[in-house]
Amino acid sequence: MRVIADLCLVPLGVGLSLSPFIAACEKILKEAGLETTLHAYGTNIEGEWDAVMGAVKRCHEAVHEMGAPRVSTTLKLGTRTDRAQTMADKVNSVAEKLS
Amino acid sequence: MRVIADLCLVPLGVGLSLSPFIAACEKILKEAGLETTLHAYGTNIEGEWDAVMGAVKRCHEAVHEMGAPRVSTTLKLGTRTDRAQTMADKVNSVAEKLS
Amino acid sequence: MRVIADLCLVPLGVGLSLSPFIAACEKILKEAGLETTLHAYGTNIEGEWDAVMGAVKRCHEAVHEMGAPRVSTTLKLGTRTDRAQTMADKVNSVAEKLS
Amino acid sequence: MRVIADLCLVPLGVGLSLSPFIAACEKILKEAGLETTLHAYGTNIEGEWDAVMGAVKRCHEAVHEMGAPRVSTTLKLGTRTDRAQTMADKVNSVAEKLS
């Protein structure tokens, strides 16, 4: 089962600069061979369900190991059985209607 | 790793009545032995990370099998390493400050 | 336009105990005359769109005034034009299918 | 109060092709003079709180007028009082740590 996900992970108890934690998560996602696109409020991820979810778990573990005692994540998960669809397909289908 | 999660699963392409799909998910969560609390915009879930995530995957699979060609889920995931905390603890810690 | 919302507000830069901030938000929502139900990962809110959104803004302002330099909120917003539906209706329609 | 938001609006009861609705929302956000970036699971928005929230309300109204009887939105809202920060700042602060 393919999934297009959106990961927004928030470490708590580490002050205001969250970017070192987010960068560590980006590396974990890349090492998992997942296609990702970083944006201003999260990261789009495309891949097989188990690969995506395994990487999300490793992100939580890594952020705790980096010193964050608490983590609150919002994860969106989109699956479909009618047809294959990539992250680029989703953006393009909207962009076409705007041009 | 324990997690307190919040699952809000939205089946698409099946009209407006979503409650049969949500009820099927509630059964899957219960059969997984997870503690759950249904509310008006999702379901709180408490358990071990892998058990919660396995059940969420089965929810997506089941909702597709029930005829929904597309599913969009918003899943919140809270983990902490400083101390154990249950769903009831979270609600009570706010409620105490209101009384 | 009526809305059923779910508010999950996370103050950053204030350590790990978030309940004083959440309790302050609960008071703001109550003072706005909104119907609310607190759960383990947020608060369900029912009311007119402008009343709900005005209260959410005051929550952000109040949490900043209490000392949180950064706030990250996840807000769900459900509206429908086909029929009236309360928070209790949503929970009951699932619960009926489980009994 | 400036806000960096992320809007993910899901129309229900209109089948599987959501892009015409999302495109209509993009136009509303642009007409409101807001800075936006479309991604595969939503749209980043930057602006003053009231301008952003007014546009989100018009998106719900427009999607209902286009024929969707039910709309479920997930909206993230980030505010900070310690310093000004743009959407590009957020992405760049992570990207720097990856290079």
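We call the chains A, B, C and D, going by the order they appear; numbering starts again at 1 in every chain.
Heads up, the rule we're going with is that a residue touches a chain if its C-beta (ideal position, glycine included) is under 8 Å from a C-beta of that chain, and two chains touch if they have at least 3 such contacts.
Keep in mind it's a predicted model, so treat the numbers as computed, not measured.
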| item | value |
| --- | --- |
| C-D compared against A-D, more contacting pairs | A-D |
| Interface residue identity across copies chain B, chain C - same or different by half | same |
| Distance between the centres, which are taken as Cα means, of chain D and chain C, whole angstrom | 19 |
| Centre-to-centre distance between chain D and chain A (centres being mean Cα positions), rounded to whole Å | 18 |
| Residue list for chain D, restricted to those that touch at least two other chains | 13, 16, 69-70, 72, 74, 76, 78, 80, 82 |
| Residues of chain C defined as touching chain B within the complex | 4-6, 8, 16-17, 19-20, 22-23, 26-27, 37-42, 44, 46, 74, 76, 78, 80, 82, 87-88, 90-91, 93-98 |
| Chain A residues within the chain C interface of the complex | 10, 12-13, 15-16, 18, 69-70, 72, 74 |
| Chain A residues within the chain B interface of the complex | 1, 13, 49-50, 53, 56-57, 60-61, 64, 69-82 |
